[in-house]
Amino acid sequence: MHITRKVQKILNQYQGDNPGSLTNIAKILMHGKLAGSGKMIILPVDQGFEHGPARSFAQNPKAYDPAYHYQLAIDAGLNAFAAPLGMLEAGARTFAGAIPTILKLNSSNSWAATKDQAITAQINDALRLGCAAVGFTIYPGADNCFNMIEEIQSLANEAKSVGLAVVIWSYPRGSKLTQKGETAIDVTAYAAHMAALLGAHIIKIKPPTNHIEQPEAQKIYQQQNIKIDKLSDRVAHIMQSAFDSKRLVVFSGGSAKSDDELLTEIQGLADGGASGSIIGRNSFQKPKADALKLLSQVIEIYRKS
Amino acid sequence: MHITRKVQKILNQYQGDNPGSLTNIAKILMHGKLAGSGKMIILPVDQGFEHGPARSFAQNPKAYDPAYHYQLAIDAGLNAFAAPLGMLEAGARTFAGAIPTILKLNSSNSWAATKDQAITAQINDALRLGCAAVGFTIYPGADNCFNMIEEIQSLANEAKSVGLAVVIWSYPRGSKLTQKGETAIDVTAYAAHMAALLGAHIIKIKPPTNHIEQPEAQKIYQQQNIKIDKLSDRVAHIMQSAFDSKRLVVFSGGSAKSDDELLTEIQGLADGGASGSIIGRNSFQKPKADALKLLSQVIEIYRKS
Amino acid sequence: MHITRKVQKILNQYQGDNPGSLTNIAKILMHGKLAGSGKMIILPVDQGFEHGPARSFAQNPKAYDPAYHYQLAIDAGLNAFAAPLGMLEAGARTFAGAIPTILKLNSSNSWAATKDQAITAQINDALRLGCAAVGFTIYPGADNCFNMIEEIQSLANEAKSVGLAVVIWSYPRGSKLTQKGETAIDVTAYAAHMAALLGAHIIKIKPPTNHIEQPEAQKIYQQQNIKIDKLSDRVAHIMQSAFDSKRLVVFSGGSAKSDDELLTEIQGLADGGASGSIIGRNSFQKPKADALKLLSQVIEIYRKS
Amino acid sequence: MHITRKVQKILNQYQGDNPGSLTNIAKILMHGKLAGSGKMIILPVDQGFEHGPARSFAQNPKAYDPAYHYQLAIDAGLNAFAAPLGMLEAGARTFAGAIPTILKLNSSNSWAATKDQAITAQINDALRLGCAAVGFTIYPGADNCFNMIEEIQSLANEAKSVGLAVVIWSYPRGSKLTQKGETAIDVTAYAAHMAALLGAHIIKIKPPTNHIEQPEAQKIYQQQNIKIDKLSDRVAHIMQSAFDSKRLVVFSGGSAKSDDELLTEIQGLADGGASGSIIGRNSFQKPKADALKLLSQVIEIYRKS
Amino acid sequence: MHITRKVQKILNQYQGDNPGSLTNIAKILMHGKLAGSGKMIILPVDQGFEHGPARSFAQNPKAYDPAYHYQLAIDAGLNAFAAPLGMLEAGARTFAGAIPTILKLNSSNSWAATKDQAITAQINDALRLGCAAVGFTIYPGADNCFNMIEEIQSLANEAKSVGLAVVIWSYPRGSKLTQKGETAIDVTAYAAHMAALLGAHIIKIKPPTNHIEQPEAQKIYQQQNIKIDKLSDRVAHIMQSAFDSKRLVVFSGGSAKSDDELLTEIQGLADGGASGSIIGRNSFQKPKADALKLLSQVIEIYRKS
């Protein structure tokens, strides 16, 4: 399939990058059922690290096997599969060339004493495993945030020099934020903007609520009459905050919810101009047939957007 | 002896690894009385570091001599012998080629101020000593866990690039866990899964109890009716958590106990599909004849499984 | 345009630097409407990192787009455009050669737990993006100040070795200073001098007030009858502190204020011998026509000085 | 498009390689009109280096523009485009993701004093330009052959470690061979075998004639009654020499000839089990419409084989 | 199988080596049907490089496939399989752990302009492919001999530091020697001694004739009445020259000959105390059943010696 105008336009917005990184961004955007649409769906499977295996996979025991996730992403026609080192290593040979992969470079776990993540893989792992991109989580608002930023700065610098794409999961949390504030519209927009300034090619955030966390922000949102009532409005504001839509922003589905709730949310994301979704638990915790059906519906929403 | 189908099947599951690491995994699986069975028994002798020499060796004073352990592992027909740098250096020449060795890369001691371990050897030590693998302990749940994870990440990356096998001892402990929780089924499964995600070829954990430590996990174990009453059920759950049995998992014997208790436990491990056992104090603190007899019985259980 | 005597004289004052750094200082001084005058106006856009996108750009939504800022700096005939990595990457190709750029190497954010900044780019980024200079913020007075100084030391060392110019933002803050003290004349002069001693080619500070923060300083200011009543006097004192005007010192406009207030302040700066101004929010938060008009007036003041 | 069984089988034959190299081999085999067939057509444009621009491009002046070749390879639905550094740099951004590229790492020219080539690019160029593979020419039989072998050894080692595919152009020439001998069946088979032993993933050679150059070889060809009368027989013998068809071997079209001659030759190659063709002058020296028609016919032959 | 006294004694003679190299020497000596005997048979397959594929494999076309050789060495119960990079890469995963491998690091070819070889692999290749040893050819007597010696010096140094075994093929040839002199007893003994002095763990030479090439040597052979009439005597003299039998010396079978001739020669080698044989063309150019029968007879001769 030829590179479409939509994808070409997106690639043109990555001006500071070498053609290697562009090639890998294109690889993701030109794969699967949304190939060429400029939209993307990513399957992320790092919940085992974050919450342990039973909470992640017991509902659908086939999902204990890494190969299940590779195959799910392929069968659903997704754009990419993201996972930590060990999970990618477990299928990288069988599925070489079958689906673009994103190596998650850091991970937290349920017992973390701090709002932080450990680095669990290197750039050379991404190259030897044939990954298209590397992913890294930062926690804006956390005490360790500067450390995390400096880690991704260094890893992203190396990744870009060897032509990989860089995905930043920007998840505000930490002592400076209330729990409600973690998904506040002002905080989420800020998190997206910060990832863009750090040079992310693809930014992953959570769908924002209409809560405004910061008093200084509250003032400007009112003054400028920024619309935040509907999810689509909030997403449009987020996209603006990502260099006026010049960066790809994908939204996580968050904790498992009903299919209808999810599809309504996805419709809001799509209406607001989101670049796509990253859907983990809502897909792999279902029986495969149900997951394929749901993902097909999600794809349809983005295709029409 | 030719590589058996069982071993070939296990090797095929290490897809991200170069043939060098596969060769060393094969070396361990094709050695000793369990050669070719896909099962393994490892003799670990790092208790001197952890508890001091008298508590480790005074019951069987011949065990003060490193050569004793090499010879015990050889005479018992075990698959491998694991120890810290100094102990391997003390016998590496005499026993070159006689038994696959695993160089333990970090160690704690009785006076440790923190739940942590010091790095006590490097990858080039493993190469110059002719080791088949390196071993590293992490403490999921400890305040220093991220540090430990980053250390093994870096060491494992180097080890794999030079064709060594990587063993991770995953021992939950730290302020986030009760003492009972350290061997809880949910915690142990999580620890095994974490090691798999970190890219371990062989995972070492403790036999799990039927306690469930985490409230969020409790919910899912009940909801999904995960069987954890019998040890064999719990072990089966652990194996599932290790990439659906695609990673080798061996279980420690823990503190010294009666032979009957140990053999009953081993039977449970074997019934649950464990890849094998790692037996230290229960073997080398006995007179050699008794140790050989016990290890022979353990081997018999795994051979029949 | 030929290098003017004024610029030649300035360049001659950088005696320890290689011709590469001089070439880049000249590149900035010979660009835009103030080319050849020895004065400079810089457009800095890192407020999105410090305060979030809405507080920075919502008043003039076109400013969400990085290209807007490049174009504003070009259309206004400024000497340089300074921004963090992601923003420069977003326009570096379209605007290659169109305006000297300064890559900001560190950044803070609203939730920072400490008076500190995270390193967000490297020297090789500045080279691959064709920047003329790198910029770095230090907080004299902060608990982390030594760390920040050591970071800029290392980065400046590398920057100079590859012929880049070095700009230091020297912003006193921290537990050792009152809020009023952060812009005190003695503190500001000290901050400028510290940056000069650290080897900055261009120093950025805030306009000083007539407050004197340090009792020991108070004594000497009185004793020597140092004039600090008028802004121009204070600026002259600052310039003296910057190696007797042998280093370029530019002053920030600070938070948004009325145009008249700003122009009065600029006149004071120019009268005191300031090397120029660095004007962010006061320009890009206005409609573009208004911004161009204001910047034109500022340029006129410096041209006549 | 899913990875086909044919391609999966080919990938499985690269046992010593990491999943990264497999991913890039798959990228080439899964692209264009022959995607999934296990066959490939490559457009090589390095004739300007070898013969100068007029001899290469004057017949079809549009071909002076590197973009012409990218677009020709894309429009024709070829598997990959191979060229020296400068030519890839001239289109890498516009065509990022549009066609797998092969960076030619060495080149000769008309005035070369020796049968040798100069290294004209590095592995990091291939990464930053997003190439799927690197290519390198050796001249078995040349005085400098050992040097060339050592160069590709070192470059291939680095390329494989970062997950690139390696293509070796194996062109016998030099003082040890008659001109007729350069394409002799024994010499060509030897050249293909040598490239395989050097670790090439894809081998490029010229279609062999039925001449036998070496007296020692003559003996064995007669004795063993190796069939070499038909091109298809000779190609089958070549494929055997490439690890019994376990390595991909593509054949060059050589100097320009009539379309009928070329298609007859291609049919012979396909009948003999060739992995594909690499067609330069016979395509880009024609008007584009003619080239597309010819390439379409070539593809049809391989598709049916 | 336990390390035997014979093997232990051999290992003890490598006093300057680290336990890693000893482990790999042991790996070779403890593998196959001669395991533990202190004797070894190696299958070398680099004739394709030296003579081309048809001359090497056409008599037994199955031998075109690298897997054939791995399987032949395994089925015959040999100690090791030696081959160049590409051939080992083609089977390293399927046969991981099944047979010790020796990576040949340099190779010549039929058209070599000089008596020399090209370096075709690196030490890191040996590690990633799980090889037990590296092999290198030197041509004592050749103009390039010093170069070759310096190359193996450097490679052997690196190989030993990472615990690999080092095999030197010592083949006298060059302008200083007559063709008859290449296998002269004085020259062969000298070649073996030179390899020992270069630090080889295993030395490979050709069976010596009773010709004496050097006049100065002739004198001393007569004076000291060194017995060289029978092959066994000559071999005993060679073994003496290899540090009084403290280094392993294996003898090549040379060009194909009748089975009876070969077995007679092997008997002579064994009687003289040879460490074993390296048998290529005489085995893989036969139908597999014949090869297995012959190799079985060779093994029997060494087992009884």
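For reference, chains read A, B, C, D and E in written order, and residue numbers begin at 1 within each chain.
Assume a contact is a pair of C-beta atoms (placed from the backbone, for glycine too) under 8 Å apart; a residue touches a chain by one contact, two chains touch by 3 or more.
None of these values were measured; they are calculated from a predicted model.
Contact with chain B and chain C alike is made by A.
Chains touching both chain A and chain B: D.
Which listed pair repeats A-B comes down to matching contact pairs by residue number; over half match for A-C among B-E, A-C or B-D. Farthest from chain E, judged by the mean position of CA atoms in each chain, is C. Using the average of C-alpha coordinates as each chain's centre, C ends up farthest from chain B. In this assembly, the C-alpha centroid of chain C lies 56 Å from the C-alpha centroid of chain D. Separating the CA-averaged centres of chain A and chain D is a span of 39 Å. Taking each chain's centre as the mean of its C-alpha atoms, chain D lies 36 Å from chain E. The set of chain D residues touching two or more other chains comprises 15-16, 18-19, 161. An unclassified topology is adopted by the chain contact network, corresponding to no line, ring, star or complete arrangement. Working note: touching chain pairs come out as A-B, A-C, A-D, B-D, B-E, D-E. Against chain A, in their complex, chain C makes its touches with residues 46, 48-49, 51-55, 57-59, 61, 64-66, 84-94, 107, 109-114, 116-122, 124-125, 128-129.
Taken together, the chain B residues at the contact with chain E in this complex read 2-3, 7, 11, 18-27, 29-30, 74, 92-93, 95-98, 124, 127-131, 161-163.
Looking at the complex, you find that chain D touches chain E at residues 13-17, 140-143, 145-147, 149-150, 153-154, 157, 161, 172, 174-177, 186, 189-190, 192-200, 214, 216-217, 220-221, 223-224, 226, 237, 240-241, 243-244, 246-247. Of all residues in chain D, those touching chain B in their complex are 15-16, 18-19.
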